[in-house]
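Pasting a structure here, questions to come.
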């Protein structure tokens, strides 16, 4: 690989990854060229790799990550919080851009930008090539927010911010959680653990539903107030009864779905009390249904809020949150296995089996 | 039937109605004894009569209605808007009471009162007997809101306010509809037509999805901007495409489910654009599921608001709305068939076949 | 005083208090007769006593308090949270009733009930006489919420809940404070200290502006994050600069006025950053103006929320908050001086000089 | 003036305008060079010209306007609604840019961008010179939103959108106005008339307070429901009584200040009922106070929302609103006097005397 070339992982089709080499692009006005420092494997990467994404069958891979600035395009002097940036600085990019022009953007819903992730789809031959983080380089476009990693925050930890934690903080902000709420969290993977931390800091009470042993341990390490093991309470009814018991019969104020399992969505209304709010974030791949009873909603006047992605400025809040709470939660234990870029398939396999919290990739 | 006795319809079990006679109760402090002037048959009455309600298998029947004051309990000098009331005044009661003490009430969610409709369940022998509007008399309890019928408003029309229109106005207030919104209304029965009127007055654009000929006619008579006939566009995809076309490709801003059909709920996300809001009000009887794809929510960051019943003061707004708009919408044509109390079964049968907009009962 | 008579403090005019004796009333349906256990002196009592209230020049006195049930009216079996009550139970009453019929009540704004405090105005000869807490007895009307004192909560502390803490919790709920906010609190009297506690529990940062030494000490004892002593930073500009410095130049997210001093209101906009929110609760007596510059609002797109009283169910939350946090905050130190009912004038004088946090009255 | 040079009005100090000539700038990436087609004189231009702005004592002038595209910078293919643009298209620019990085921008409050109008301040020698609309050319920067003028909308009318109407639509969106509200509008200048139109389309009732005869006529031409002439009802009390009478004693639900007179702000609370909302937009120049009684807020639990500028996508809504309602409101009559750029001082003088609705400038 030449000094001015880089390598990227390209998905050709289900389970078929190919490494490709391209000249690194020179950043246009407003853009930034970076090297990938750490890239994490997120559940949706695994999903896409397995060919389960309804439309994205090929393209660049990876979206979580921390990068090191190689070259700043004209006009770029600061990150999107106004902090001066220069070569060699470590930054976290929002994994999608915001076009400002599409229907969601022009209603202030930047998280819904229809152009957001378009550039990772299609052929890698399309300049600027490096639009995924499973690569040696990453190209940040104009109007793609990025933020400097706060001093003293371990960059490996920071690499989780631009997907899991930002997503969770945005969702929780949108659904609204108060100190007096009791919140059920369905699933203790990356998003679920992030949710426990955020809910704890709000001062609300958390009840985690999870079945895998290592995830239950993680939930406890993140100070979940209660854990319901679904290998012990095997039916919806048993779990609903347990939540009712833990809430003095009222049911939870909020429940958060971060399992990616459609049946978890159908379980949601059973866990909530009157005027409960449900935050749906985990099911992101259309094509999978669950038998859902809509009258369970009206019976208790429930609300559902669903969000994919986040308004880009939430990444800054996520990084600040990590910095503030790094001694309270064992973020590092989640990143429990390291892989090189060349070991990507192994990392995906391990992640698929949910044996790791988050697999961390380094370019070499 | 003696001067001091009355008659009420009692549901003994699925399809079994019995008329029973009781002494009319003397109103306690804060209560009001009334005679029923008009009672309408609502879809949920039919549902309960057929034995399809999951828990209410027997009890007093009827909840929509307009009543004439017979006797005021001690301390009752005005309606719940402060208007003086006296014997012989026509009033519309909220069909449920608000205990002020239960968990929803004590969070200001009066619509969710857990005691709300408890008194219509169980034996009719329980004093004060007359807790349903399919009867000669109706007993309004303390803390059960009621409002005087505005001067010049036809009481038959007013009789629709305390269920359909109040429900719709509350739901629309909760989901939030603005002048610039395009709103799909699934179903043009009593709630659907009320929704068309309210949406029109807000200035928003309405698209009604309906298949029965008489209901389509009604939708047009209520000035629906567009009607999609589901007997012509038979698949979800076709209807979704039609909504997309009517909205310049964006999808609707809001959709409202008032069909009571679970599959309509599953269709909802297909009709909405990014950050669309869905108002679920029609499916009120648990026990019926639909194959629902939760990723259709996250894909577009959709929200769902569901509500059963309404904060009691919305009945006052509903009556005012009817008064203001009585010349704009043909409310009277909806009440297209009259029955006496003794003809209740016929009225229910006709309603079940959806041949009538709303059947109107008079005590004799 | 006979076994069936009681004594109450009556304000005849500015600074003129008279003790009067009446037969204790028998509770009507829905009402409760109580004996006053503790009554606190609030700033507004002092204000009214001095003749500074614009309209209330005479009437019954006192509104904070904890009472012991003497007799329950017909139909009263529980408090407004559904807890069973019986004779001798200690309860905290909301100090105003909610008519359910007036314009604010019928829009769900129970805190604004226009009939709320009407009954404390006018002659004490009017039955049921005992409508103020500076008395041996207190009569709770139908539709006047009350709550049982939680087990293990010192009733003296509970006596502060029905004015100061409920007010603060309602106001903060309305203005909205999040964990990441920095909040300036103008004034560390009863409301200010309550505000510090609530803000701490939300996890937000607090900056208190106060000048009296004992109040500054109290603010620190309640774990205020920062205190600005206005006897040291004497000008608005100096204090604004200090707030700017403490917030990295941004200004506060929220400021809360609980001094009752009009000039504090005019200072508010100087303390806030862009889109700051201001909560006005302290200035409750019309007739006193301050030189206010409205362009300071638009310059930073500020919002102001003002509230007097609270939705009655907030009293329940306030009692629960006290119970939860009784070991975290030194509530008892605030109630630093005790008086008998006969010493009322002394208690008012001491309170006027702001030498006491809250004066506690006991009937004897 | 050479083919490649243009002319701009520069404010040297109070009442001192100088015309200056510069080479027209070539647009950088993401920018657009335009010629000014129409520029309107807004009240704040007059204010700045008179030297009354607290900080802007010199700089480029003019911010309302419609422009014709001369040259598109690299990468600019569409307006901010995604409509393709090319040379000679007429567009309306948002008069400020949004940096995306400052504290307000990074909380999604783009209207509050601290860099927003910075570029119009200071020397005109600073490239790109043409940052005000009182000029032959106007330079639209990257991240400065602009929208194509809809087909069939008179560009002179469109020229009012980017200040008055966008401001009003944003403010009304933020304060929230519903069909059932009664709204007082203080002042019937450009913002006031825009407010009448928007309120009418929402279906709410409008009460305008104004004294100048031509403005009262305009208010009526814009279909104000009621007009209070303050030359007839001369005191706050009289006007408050009149509003009370028009609202059945309740007071207005909302009041909007668009006079720019501090005393109007102090009058606001007198016009509102319980839980009334006040929208402050007119007072934008700090340094002028009014005697304000904050207890008038708490007495009725009032809220104040203040906003300067608007989220940039509101300009698109404003243009759409004008297009939709151009036959309903006599927008053109407001632009009652035309001036050339050279006649700028005359235009400012006429505007100062409030003899014109909006003076229209054309470059020649």
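Going by the order they are written in, the chains are A, B, C and D; count residues from 1 in each one.
Keep in mind that, in the parts below, a contact is a pair of C-beta atoms (placed from the backbone, for glycine too) under 8 Å apart; a residue touches a chain by one contact, two chains touch by 3 or more.
Bear in mind that the values here come from a model prediction, so they are computed numbers and not experimental data.
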{"item": "Of A-D and C-D, pair with higher C-beta contact tally", "value": "C-D"}
{"item": "Distance between the centres, which are taken as Cα means, of chain D and chain C, whole angstrom", "value": "42"}
{"item": "Chain centre separation (chain A, chain D; CA means) in Å", "value": "41"}
{"item": "Chain C: positions in contact with at least two other chains", "value": "107"}
{"item": "Arrangement of touching chains [line / ring / star / complete / other]", "value": "complete"}
{"item": "Footprint of chain D on chain A - complex, ascending", "value": "28-30, 74-75, 78-82, 100-102, 105-108, 110, 142, 145, 311, 313, 316"}
{"item": "Of chain C, residues touching chain D in the complex", "value": "103-104, 107, 109, 111-112, 114, 250, 257, 262, 265-266, 273-275, 280-281, 283-309"}
{"item": "Footprint of chain A on chain C - complex, ascending", "value": "179-180, 201-203, 317"}
